[in-house]
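Some structures are shown below for you to check.
Both complexes below contain chain A, partnered by chain B and then by chain C.
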Partner chain A sequence: MRFYEYESKEIVRRAGIPTSKGGFAKTAQEARARAEEVGGPVVIKSQVLTGGRMKAGGVQFADAPDEAAEHAARILELEINGHMPRGVLVDGRVEVAQEYYAGVVWDGLRKQPVMLFSDMGGIDIEEVAERHPDHVGRGHFSNVLPFSDFQAKQVIASVGVTGRALTRLTPILTRLARLFVQRDMTLAEINPLAQLADGSFVAVDAHMEMENEARGRHAELLADLGVGEEETREAREATPFEIAGEEVDAQDHRGVAGNVTEFDGNLGLVIGAGGGSLTLFDAVRAHGGKPANYCEIGGNPSVAKACGLAKLVLQKPGVEKIAVMMSIVSNTRVDIVARGVIKACVELGYEPADKIAIFRIPGAWEEEGFKILERYGVPYADRTVSLNEAAKRAAEAVPA
Partner chain B sequence: MSILVDAGTTFIVQGITGREAVNLTRECLDYGVGASIVGGVTPGRKGRDVHGVPVFDTVAQAVEHHGGPIDGSVVTVPPAFTKDAVFEAIAGGVKLVVIVTERIPRADVAAMVEFAAMHDARIIGPNCLGIIVPDVIKMGGIGGPAKDAAKAYSPGPVGVMSRSGGMTTEISSTLTAAGLGQSTAVSIGGDAIIGSTYAELMALFAADGQTEAIVIYTEPGGRMEAQLAQWVAENGDPLPIVAFMAGRFMDEMPGMSFGHAGTIVEGKEDTASEKIARLAAAGIVVAERIEEIPDLVRSKLAERTAA
Partner chain C sequence: MRQDALFIGIEVDDEIARNKEVAVKLAEVCPVDIYAQGEDGGVRIVDANVDECVLCELCLDAAPNGTVRVLKLYEDGAVLSH
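On to the complex of A and B.
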């Protein structure tokens, strides 16, 4: 889950890393107040979860509070890459002597966090790594042993930084490393980390991402920051259809029937599990089918959950039929899913045989499941019909 | 032979009194020669039994009752308690930990993997269904109830590794239907960080006398395929590999997560098309459809025999 810049800077500040003065504002009036508090030249930055703010005009400079309010009013109305800003960040402008970069990310193959540091801050670290590899320091660190200052020092010194800069940067990077682990971040980046004329350092911009799976154990921080539980912070926000899918999934704790993503086709999909859904979605598209949604069922969901998901998909405008397909199931019961999707059709006043283009779920309790499907005349297939063939039949049953 | 487990492997089930764990225990006891499940652990439930398996409060008690080191553990406890359970197993001398639990934060997974490495232990998963040696033993929910697992898996020359538990069975079933059995099938887990990657298990398969070819199921997200391609280049390509890549549609939707936790396209190297190119460059055949896999395996095997 990605944080806005103003949230990221607050997280950094709470970790004991100095940040530039300023604050978040949702209106032009609030922006004026923030500028007055700062009491000097300010920068007004659009708070959007996308890059390219500067180019789009989402970053403006002001010398006086009135000017800050004018800029804020404009930026608050400015859409950037399809995103409307949540507000603006009004920050005091700092006299920067030099810009540095400090970040921590996961190295999935080494299975450890890796600290990155550069004395060429202010630009993308990928770009620096490509053009000036000797200006990027790296250091993996343990997730079992506590992080120690020397590890930060080694990384900083590896790009040739010495003197007071080295000793002043060391605690900042150490705090960043600890914050990364303690707050379950997947990315913790300060860029630029600015050295001021007096030699001190402040975080001017920060970018933090927290692992979704860990949100539960940082409930207090998230509440403090005002992050709503329903905010997915994905590349785009959830649609009402997708939120309804999550509600179906949340109705009980048995199995999964959710992870719904909306598309605009006419073939509803009730598919699973994780890998099966990916395989089937590809296959439906390869055969010219137009999926109305992506979703996942698995982990032995209840009849109510399977029914709820099928109903949701069946009621989506434009959906002509649904295809119920999974890779061979081990613990999900075929008969339970069969009962759930038939119940959904019947309760909505449809003939299951008309609305279910194909049912292809082989595996546990398949004899029982197939018997139910036969009774309702629903076309079904066992494991001798491949996922690909099942997807083809589904696509052909609902011409685009 | 097989990799990781065989008929003589002893293991415990941590969280054995949970609903899914009770089923999993039944399945493993019933499958093949019958797994040697020498104990279960659920704190506070000492003295009970699950399908005849004695339940203990701690791993140490299970080890003491067994009277010697225990080879493995299947961990099915909730995500908040998994790290502690895995540390407990490893501290208790267990060398092979299969973590079934999903939705474990990465920091915990990394800590478990690091702790395992310090103790010369191996982790499979998390978010996986475990390991199966057809007709011999299964450790985990892989393949489901014994009679269902018997339909999908059969003994033979193909090693299977998959980031999706369900697709491990789907692919093995397709191989079985085509007359190609499996040496060992491993559900390696769908998370961004896992205990054992394709490349890390390749050395075991390469050393296994029964395994003649490998089939992998893969997805967008992460760099495990690049690591496998590099392993093949560095180790002289000891076994032919056929891969299947799901989630090709995700290339058009960076930043959106589908499927497993590890399946999110964050950079250029994570995409399906980039991975397919990398695998192909290493001589790994990438199947377009699951049903093509048996013929691709056969032709790869024939090529090697001819050479």
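On to the complex of A and C.
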């Protein structure tokens, strides 16, 4: 889940990292009050979960509280990339001597967090990494073992920062790294991290994203920030297809048919099992298949749930066939899923053998499941067929 | 009484189907609520749940031997019965 900038800055502040003066405002009057509290020139920034604020006019500068209120009134009415602002952040303008970048992100390949630091802040770190790779320091660290300041110091020093700046920056990156782990973040970024004329540092802008599944562990923080339980904070609004997927999952407590995500291909996917969904989705694409959706089925869903999900996918415009694939299952019954997907075909008036490209779920009750599949002439594969091979067969059954 | 869904069929001897004690017991043991007590107190088979049968055979244990049968319709009507 993503946080707004004003929330991100609050998270950073609570971690002991200095931030620029300012505050959140929902109205022009509140924006005036925040500007008065700052007591000097301010910047008024639209609070939207999308980029391109500056270009769209969602960032304005003001020298006095009345001017801040005028800008805020306009920004609050300004739609940016289809998003209306939640409010504005009124921040004190700071005299910046130099801009730095400090970030921590999850490295899915190494399965560890990685710190990033650059002495070229204020612009996209990806751009800096591409054009000036020697200006980006990196360092992986354990999310289990205690974090040492020295690890942060090494990363900062690797881009040539020395002396007092190094000494002052080290605790900031250290706190950001600890925050990342303690708050279950997937991204914790300060950009720019500004060095002021007196040599001190403040976080001028921050961007935080938290693991969705960790929301329960940070309920207190989220309540403090005013994040409602109903707020998904996803990159885009759920589509009607995805909402229907949530409804299928919610209608029956047994098992899971979650994270239904819409794509525009012609091969429907009913996939799952302990990370198997991601593997299978990638494998289908690698073999030239065009998935119509992503989903995660498992946890021993009922026939009704498997049927509901398969029906939803089969009815999606453009879907020619579905592929039903999982890793070897122990806590999901093969025969129950087989009943569900076949039932979906039958109830929609299809021949299961015409609509199911492949059924590859080996595991608990597979003998019973295979009897059902044979009865309906559905092509199936046992554990001697790898996930990769199954994905290949699925992709070949429905040419893109 | 007999109720067939797409994959599973349930058959209960008529005499046993009228037995209120058996009806309560069947409703209690079935993990997927295939059985309920009808208005007359006897056995009622819940159509919508028949295909959810997990072949646990608890209903076969709960009723007198041979009076309840579970049929696997996908296997030429193979019968589970005690």
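One rule holds for everything that comes next: the second predicted complex is superposed on the first by the 239 of 400 C-alpha atoms of A that agree within 3 Å, B and C clash if a C-alpha of one lies under 4 Å from a C-alpha of the other, contacts with A are read in each partner's own complex, and residues count from 1 in each chain.
We adopt the following convention: a residue touches a chain if its C-beta (ideal position, glycine included) is under 8 Å from a C-beta of that chain, and two chains touch if they have at least 3 such contacts.
Note that the coordinates shown come from a computational prediction; the quantities given were computed from them, not determined experimentally.
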{"item": "First, second, both or neither for A:243, with chain B first and chain C second", "value": "neither"}
{"item": "Partner chain(s) touched by A:219 [first = chain B, second = chain C, both, neither]", "value": "neither"}
{"item": "Partner chain in contact with A:353 - chain B first, chain C second, else both or neither", "value": "neither"}
{"item": "Contacts of A:304 with chain B and chain C, given as first, second, both or neither", "value": "second"}
{"item": "Superposed model, chain A: greater residue contact from chain B or chain C", "value": "B"}
{"item": "First, second, both or neither for A:84, with chain B first and chain C second", "value": "neither"}
{"item": "First (chain B), second (chain C), both or neither touched by A:294", "value": "first"}
{"item": "Chain B versus chain C as contact partner of A:368, first or second or both or neither", "value": "second"}
{"item": "Partner chain(s) touched by A:327 [first = chain B, second = chain C, both, neither]", "value": "first"}
{"item": "Doubly contacted chain A residues - partners chain C and chain B", "value": "none"}
{"item": "For the chain A and chain B complex, residues of the former touching the latter", "value": "106, 108-109, 111-113, 142-144, 181, 184, 186, 211-214, 216-217, 234-236, 259, 261, 272-279, 281-283, 285, 294, 296, 298, 300, 326-331, 363-364, 383-384, 386-389"}
{"item": "Interfacial residue positions of chain A with respect to chain C in the complex", "value": "302-304, 333, 336, 339, 342-343, 346, 368, 371-372, 375-376"}
{"item": "Chain A-touching residues of chain C, taken from the complex the two chains share", "value": "6-7, 32, 48, 51-52, 54-55, 72, 74-75"}
{"item": "Chain B residues within the chain A interface of the complex", "value": "20, 23, 79-80, 103-107, 109-111, 113-115, 118, 129, 141-145, 148-149, 151-152, 162-167, 169-170, 173-174, 177, 190, 192-193, 197, 217, 219, 222-224, 227, 244, 246-250, 253-263, 289-291"}
